[in-house]
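Before any comments, here is the structure.
By written order: A, B, C and D. Residues from 1 in each chain.
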Amino acid sequence: MNLILFGLLNIVGILLMLVIGAALLTWIERRLLGFWQDRRGPNRVGPFGSLQVVADMIKILFKQDWIPPFADPVVFVLAPAVVMVAALLAFAVVPVTPSIGIAGNLNIGILFFLAMTSLSVYSVVLAGWASNNKYSLLGGMRAAAQMVSYEVFMGLALIGVVMLTGSFSLADIVRAQQELWFVVPQFLGFIVFMIAGIAETHRLPFDLPEGENELGAGFHTEYSSMKFGMFFVGEYIGIILVSAMIVILFFGGWQGPLLPPILWFAIKTGAFVGFFILLRAALPRPRYDQLMAYGWKLMLPLSLLNIAVTGAVMLTH
Amino acid sequence: MTTIPLDHVLILPVLLFALGVIGVLVRRNLVFILMSIEIMLNAAGLMFIIAGARWGQPDGQVMFLLVLTLAAAEVSVGLALIIRIRHRLTTLDSDAADLLQG
Amino acid sequence: MNATFYLSAAIAVLSTVLVITRANGVHALLYLVVSLLAVALVFFTLGAPFAAALEVIVYAGAIMVLFVFVVMMMNLGDAAAVREARWMEPKIWVGPSILAILLTAQLAYMLDSNTMSQPHHAIVPARAVGIAMYGPYLLCVELASMLLLAALVGAYRLAHTEHGRL
Amino acid sequence: MIHDLWLVPAFPLLGAAILMISAGRLPSRAVALVGVVPVAVSAIVSAIIGIGFMAAPPSGHAFTEILWRWIAIGGFRPAVGLYLDPLSLVMMLVVTIVGFLILLYSTEFMAGDEGYSRFFAYMNLFVSAMLVLLLASNLLFLYVGWEGVGLCSYLLIGFWYQDAANGLAARKAFIVTRIGDTGLMIGLFVLFTHLGTLDIQPLLHRAASVWPHGSAIASLATALLLIGALGKSAQIPLQTWLPDAMAGPTPVSALIHAATMVTAGVYLIARMHGLYMLAPAIQMTVAAIGAATLFVAAFAALNQHDIKRILAYSTVSQIGYMFLALGVGAWTAAIFHFMAHAFFKALLFLAAGAITMRLEHHEHDIFRMGGLAKKLPVAFWSFLIGSASLAALPLVTAGFYSKEMILSETWAHGGAVPILWAAGLVTAFVTALYIFRAVFIVFFGEAKTPIVGRYGIRIVLPLAVLSVLAVIGGFVETPNGLGGVTIFSRFMGSVFGPAPLAAGATETALLVFASLVSLSGVGLAWLLYMRPAPRFAAWTQTPSVVAWRAFFLSGWGFDVVYDRLVVRPFLYVVRINRHDAIDDVYTGIAEASRGLHRLLKLTQTGRIRWYAGWLAAGSILTIAVAVIR
């Protein structure tokens, strides 16, 4: 009974943490962008504008929940749900600490993570299609091609880690980094995984599915109210997820001296979230064909090279 | 582990396969035909998995992986063909693509 | 676990039925995705987690996305769905349904007549699958890779435009 | 010198090759030179070899030279070899000498002809092939020569191929002789399968030791060889081609269809006489066929209008004598008659040619000639000498001695067959009658056709030489009652064994009797054609006689019978089978498959769902079978 209670507590806790964290991120991002762009950002509501999140929430919830008449209603509603579900489900296998985490020891943890990210494609694609709007459709198609492509490299980049650990379980991977973070032996894998992660979450500079200057707002042009909010929040959960995965796979997860594991995990993850926001501030958006060529002609060979080198090194040892 | 009666497990792929057959035969749209074929392939894969599970051997899953590979190859070529047919015949009606009739 | 199996099996069958009856391509595809996810769950209950994960990643996450992509690219619109609905007359369903029922009956009879002992759904871990694949099934893996390469070349050539025309 | 035997066939072959390669571009003088000289050289070489042979016979009175192995397949190792014994020596001498004379004659006779070069090419090739046939030590090599002469015969009969009739005659000759050749070939197969060799001398020895006297297999082999001989030598029932073969130029008729090639059958039987002695029934058949042929052909000759056809039937008849002689075992007599016949028949043909070439339009019909004795003395005297020899006028002609020998030996052969002897005797009478009928009609009476041109030395000389030979050729062998010269039979003794001698008194009686028969034939001809009685003229016009004459004119209707029995049924079958009845089976199969294809095509709708449906139905059926089983 205790076990079930503990499990439930874990689930609820992580969900809450995620949602709150994601909501907070909207504020943090704007503040950070303001900082890097030499302006203030939201600073009126609450101390340092920290209640801006609440204000946004109230505003967004009270917007009219409008479904365009030309849209496919069922799919239109389904799409924002998928993004949340997929991202949240993926967190099920994330071991925050040895004790905190829903199924951190799942023996196919990485595969589950990949499965969920691959499902998240549907949200964008279906949103684009259901809006029945050519810009949205173009955005959806871009998303489909982009995410399916980068999913390949993401998976391949993980293979090196799996090879070193000998397990798909994320907890095992973290434990295997007691001596040395995998970022050192798997630097190529880390780079590829991080870039693929950005593409998967279609964050800048790879936010071509949205592409405000070309496609309006891309796949979520027609969305309003909390459905738009779910895309918004889903994107931030995605960022947290990718950051968490980077930390777990390449930066030793919860491990670290002195501080408790959960703090280490939070610090590391926060750093990568910040890095993602920095990327948004620093880099311009490439063209769509550049993105695809970059993926297939650079990332794929790199990840294959990584696997080959890793395998060769492992065989020689 | 739990035990589900094998007969109950086995009926699932059979049903899926039969549904796939119906789909192939009924649908005129090439995309739907391809989808139905996917259903049938998936049913076959499921059968492999069941067999593998029955004996507790990895062979079933290996065969499923090969089926998966086959499905991927088949879909990529099939969809490319469908795109070509669409451009050529301006329709996806499989009955329109009857140039091979005797 | 038993309940999970029966539930997901029911979902799989139901959604498959919906797949072959939908007029709208994207809806059908979505039901197919649901069906595949349900089947993946069945895999999981049968003790094949590796296959279950791959079912989701490759089937639902890649192959079906490819389908969606193509359907979206063709962007058939409502007219196509209407025509598709018109094609699905009852009389068209009769023959194939009889065939399918016959097939089901036969297979069910055959499977039932094989008196097998109760299964012991032991979990077959990914490691075992990997060892089997790169051990006795190495040749199959090579063949599969050849197949994929051929499909890659073939699909590229087939969908390749020359002077902007297909 | 005897080792240079191969030169004898080689020279004419060389001549033929030169003429063929030059393809008619040589000037006619050069053609004449190339055409005649090789044969002349062959004749000289033959003569030298012959003298050497007679002066110092090689051991066993035979000389064998293997030139090279032709092929070697297991035990089948036919040699290209030459075999010279008195038989082939005599034949070789006759062929080369007569051939040379005829070719010399031809240089003038054929002058101005379009195919002058072609003619000499064929003739040289023929002489070469004939010599191969005669000298071959091996039946397969012999067969090469056999077919070679057949080919040349075909080419020369159809020499003036612009006229369709000539081509048809050539084809007829080729086809009819081909029937015989087939028999010969099968005969060779039989001989090889049973005796394991085709080399003539070993084969004869082996046959004599392996096959019992009168055995069935010996009969079979000899019968098959006989069929070949019948075809080549124009004996009943394959005689019909020879009269038509007169379509060729006259020298061709003289050389091929009188003097040499047609006697190839005689030579074959004589060469294989060892085999025939093992099969008395077949040997008797040879005699019977010979007797029938000589009788039939003589009557056919009696009613011909065309001078060459008279001579053609006469040839058939005379070869019938040779067959008769072979059939009764008078091998030497047969060869003796061959030699005499070669001289006088070549003489007759050349004389006939000398007549026709001087007549306007090359007239061949004897009833449109007449009174030529004074105008064409050379032709007259040579034709007369030839006729006398053919009619076997006593004492002074070669034909007399050779025919006497045959008749006396036929008589001596036994009382069981007096009918053969009677046929020979009656035919001797008819022979004298028909040939002097021709002589009287052609050379006496009124002239009906104008004469043109004149003779050159190349025509006169061969006629003169052959006239002499036709007279003195018989003096090498005379009956007991007339000096008893036995040069020829002694010479041939090494091949055929000593000739049986007829009882003196009977022989003399027969001699006198036969002489009287010949003379009476001449006399009857004189009565009927020199001083035609009105009653005779009326008698010839009575319906029954007219019918008989028409019957004889057509050569006893053999052509008609063959036309009805063979040609028409064959053509009928061919007509029915125009679309090939056997083919119908295959076209039927094709049609059936086409029909099935049409049925199957209905299933080929091009609609993939149907294919999938059939596939599913088939699978379900298969599973059903599996389940029910």
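In the analysis below, a residue touches a chain if its C-beta (ideal position, glycine included) is under 8 Å from a C-beta of that chain, and two chains touch if they have at least 3 such contacts.
Keep in mind it's a predicted model, so treat the numbers as computed, not measured.
> Need the central chain here, defined by C-alpha centroid distance to the all-chain C-alpha centroid.
Taking the mean of all protein C-alpha atoms as reference, the closest chain is B.
> Across the interfaces C-D and B-D, which one involves more C-beta pairs in contact?
Looking at C-D and B-D side by side, B-D shows more C-beta contacts.
> Go ahead and note the Å separation of the Cα centroids belonging to chain A and chain B.
32
> Centroid of chain C to centroid of chain D, CA atoms only: how many Å?
Centre separation, chain C to chain D: 91 Å.
> Using CA atom averages as chain centres, what separation in Å is found between chain B and chain D?
86
> Please tell me the distance, in whole Å, between the geometric centres of chain A and chain C computed from their C-alpha atoms.
28
> For chain A, jot down the residues that touch at least 2 other chains.
none
> Send over the residues of chain B in touch with two or more other chains.
21, 24-28
> Can you pull out the residues of chain C that are in contact with at least two other chains?
If we look for residues of chain C contacting two or more partner chains, we find 50, 54, 62, 66, 73, 95-96, 99, 103, 107.
> For the complex, which residues does chain C have touching chain D?
Within the complex, chain C contacts chain D at residues 95-96, 99, 102-103, 106-107, 109-110.
> Could you please specify the touching residues of chain C with respect to chain A in the complex?
Touch residues, chain C against chain A: 24, 26-27, 30, 33, 49-50, 52-54, 56-57, 60-62, 65-66, 68-69, 72-73, 75, 125-127.
> Per the contact definition, I'd like the list of chain C residues that touch chain B in the complex.
Residue list for chain C touching chain B: 1-2, 5-6, 9, 12-13, 16-17, 19-20, 25, 28-29, 32, 35-36, 39, 42-43, 45-48, 50-51, 54-55, 58-59, 62-63, 66-67, 70-71, 73-74, 76, 80, 84, 87-88, 92-93, 95-97, 99-101, 103-104, 107-108, 111-112, 116, 118-124, 128-129, 131-133, 137, 140, 144, 147-148, 150-152, 154-156, 158-159, 166.
> Sort out for me which residues of chain D touch chain C in the complex.
Touch list, chain D to chain C: 613, 616-617, 619-620, 623-624, 626-627.
> Note which residues of chain A are touching chain C in the complex, please.
72, 74-75, 78, 107-108, 111-112, 114-115, 117-119, 121-122, 125-126, 128-130, 137, 140-141, 144-145, 147-148, 151, 155, 166, 168
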